[in-house]
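Look at the two complexes coming up: chain A is in both, with chain B in one and chain C in the other.
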Partner chain A sequence: MVGDTLERVRSGINGMDEMMQGGFAFPSTVLVAGSAGTGKTTFALQFLAHGVKDGEQGIFFTTLSEPTQWMLRFVTHFSFLDKDTFGKQIKYVDLGPTLRKDRDPDVLLKYIDDQIAEYMPQRIVIDPISVIGNMIKGDYRMFLYDLANHLKNWRAVSILTGEVLPKEPYPVEISYIVDTVVLLSLGLTAEGARRKYLEILKMRGTQHTTGQHLMDVSRDGITVTVGLK
Partner chain B sequence: MDSAAAFRRTLSGEGGVFVLDVKCTQMTRVLVDILRHLTGEGDGSGVVFSVDRPSAFLSRLLERQGVPQDRLLYLDAVTGISGEEPGRVDQLELFSSPFCVNLFSEFVNCHSEKVAAGSKGFVVVDNLGALKPYMTNPCVERMVGALTRLGDGAPGFKCIFVMDRGSTPELYDIVIRHGAKEVAL
Partner chain C sequence: MSGQNEAVFQKLRGALGAPAPVRKLLITMRAQSVTRMDLAVVRILLAERKERGIYVSVDRPDKQVLSILEKHNLAGPGEAATDLEPVNKKLFIAKGIFSPAVFIAELLSRTENPRSGPALDRELREMRFIMVDNLSTLSAYNGPKGIDTCFGHMAMLLMRYPSMRFIAVAGRESFGALGSPARSFFNAEVDIPDAWLME
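Entry: the complex of A and B
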């Protein structure tokens, strides 16, 4: 293992930090990509909830315009999530109105910056980022570049979740601008059972475990078992 | 965390060189607390060295947090992007790229008159540890020396380094060797 010059924060995903020299680089940007039902939002919430345990603040930006109580309704069964932390240690911000009203990447970026400057989080989630590409006017790649640059300068670890399209292994345009790409996928075992898998495709400045590893989602959240395929 | 209160207790209004040992994830919050406190002291004038990010981000943060900046001079070590903040251009001094960072101490020496004039009250260096990948230890030593000398002959002057001892212990030791009093937050 090479000497690690990067500061790191723990991911909160059981078994994952051992795959990546102890955690995500701080600050850095992370794309968590996968098709529907692979656990992207659970991953993001588990990451934020772990930050609360470490005395950190988080912001959850949703692009889906889903009210907090609806989102919480589906995730409060997880033991890692204390719903009372929402609105306190974890701020829930809906980007939907700004996206629909202005559709202007500069206005959206300024709104995101203002929320971060006001709340000063160490952990940020944008879920899902892919929706923005379909809604804003102008250059989506330039927006992504500016967004990644800003997020790192706010000194936080930011998770962007992205939908994987058919025939595309991961959202290519986002993968270029982030430091880390984590792919969540579904696959069939030799016995024909459908299982979930986690793979670290890219992680700048970090020696990480490669290949797909079995991922279970239980009441305790996501657990990765390195070596099990 | 009430870092400003802890800081006030330690300083008791006295000048000198200080190093604040802060976990990397809490550095931004502590910095805001400290600057809120320092800008409220004396005439509130001081210099902020932004080492690892454009000072425009810090400026925006302070604006949003209601910390006055009219007596702050920003010096950026690594970027030219900060000039995009039109209202604050006169408060910025820019380096062209990270590759010039070894000249930081020379910069401070060459412009010591201007820096000293802007820093009647204090100099704050945000995240000195971020220099580690760019600067050799002797260069950091020269820079720390140049900064601490700005306070020569000014009894109330404070030179404050904000850094994470755990991530860059050797740079932390350099600051300690220059007589810094430690404040763990």
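Entry: the complex of A and C
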């Protein structure tokens, strides 16, 4: 059987674990890609919040999208987020100052390592990873390779979110270095209604459901309805 | 510390301080707790019991293990090393990626060196434990033969150094993939409740 030696952690995304043998492989790295408004940050927060329910710790690294307090203000209406976990079971770390001050990839990796070593989370999020490519000096692909290795060595499930550019289906450079690629997208139904979709494009060591599946974002977070398109 | 955590630590202390017949101790828990359990075990062995020993990680670089221990004040400057020489360190962190068998074979072979072997042998006789973290992941890198070789080498090491005991930390769910000979290798087992990580 595929994946019978892999431990699993539940994603926390309603309906998604049934698509992937019960959850993400532990440890592993996951790219959640999509254009603006598809629910990448919500996905990442729901994943961390579920970890808290399972007794785990999480780190949310923000890069250069928006200050943490503003991002949190807009997402705290979700029922899955318990504000009492902020700064406790879920630690928020802004990578922006380090990125702006020192564009050296080694310095950035060391900073990330130090934060993780101190807190030892089982779940890690970097949101979004894609902007780092324009900020650091040197080889972005090498940085991604090193980052993925570091993250896996920490024995955690790490979610990297990535912006999808108009001319590419997903961030190709990042997809090579992760174990799993989840694509969130928008589409129009035959009646002209806009819908959100979730698709697992790649998942190493796991038998997973393929194709696009309808995704709904409500106060309870993301729910995937497998089979509905 | 909460009552639940204290109870787990007491259980661990009891297992790690068990008398001589217990030389092969298996500590299981859910996989997400393994990294924290590694630290708890090292804390008891080094800080409380003042023992010296070897730490082998199956899936992490030795230098990363060293930096975690330093970060958590478990290995001060000069107290741990990643290069095995007779240096009188409290803890030697070995490269064990894929299988501790490679490291153990190299270690035993180095004790045969006529020049440096005797000093290394003396060093090893003073060590009280060899700890392997995340043992379950052996099955990700080894077939049944490789797993047998690993336990065979471990048995050889324990026979050569009677003051040393084997302590393995392993994810509960995937431990079964190592096969029944793996479980029967141990003569004591402690299972850590899932709630431990929640506190």
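The rule is simple: the second predicted complex is superposed on the first by the 222 of 229 C-alpha atoms of A that agree within 3 Å, B and C clash if a C-alpha of one lies under 4 Å from a C-alpha of the other, contacts with A are read in each partner's own complex, and residues count from 1 in each chain.
Convention: contacts are C-beta pairs under 8 Å (C-beta built on N, C-alpha and C of every residue); 3 or more make two chains touch, one makes a residue touch a chain.
What you see is a predicted model; the values in this text were computed from it and never measured.
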item: Side-by-side fit of chain B and chain C on chain A, or clash; value: clash
item: Chain B versus chain C as contact partner of A:E118, first or second or both or neither; value: both
item: Chain B versus chain C as contact partner of A:M142, first or second or both or neither; value: neither
item: Which of chain B and chain C A:N153 touches, first, second, both or neither; value: both
item: Which of chain B and chain C A:L165 touches, first, second, both or neither; value: neither
item: Residues of chain A that lie at the interface with chain B and also at the interface with chain C; value: 5, 7, 9, 26, 54-56, 113-114, 117-118, 120, 122, 153-155
item: Of chain A, residues touching chain C in the complex; value: 4-7, 9, 26, 54-56, 113-114, 117-118, 120, 122, 153-155
item: Residue ranges of chain C in contact with chain A within the complex; value: 30-32, 34-36, 39, 59-61, 64, 67-68, 71, 134, 136, 139-140, 171, 173-174, 177, 194-195, 197-198
item: Residues of chain A that touch chain B when the two form their complex; value: 5, 7, 9, 26, 54-56, 113-114, 117-118, 120, 122, 150, 152-155
item: For the chain B and chain A complex, residues of the former touching the latter; value: 1, 24-29, 32, 53-54, 57, 60-61, 63-65, 132-133, 164, 167
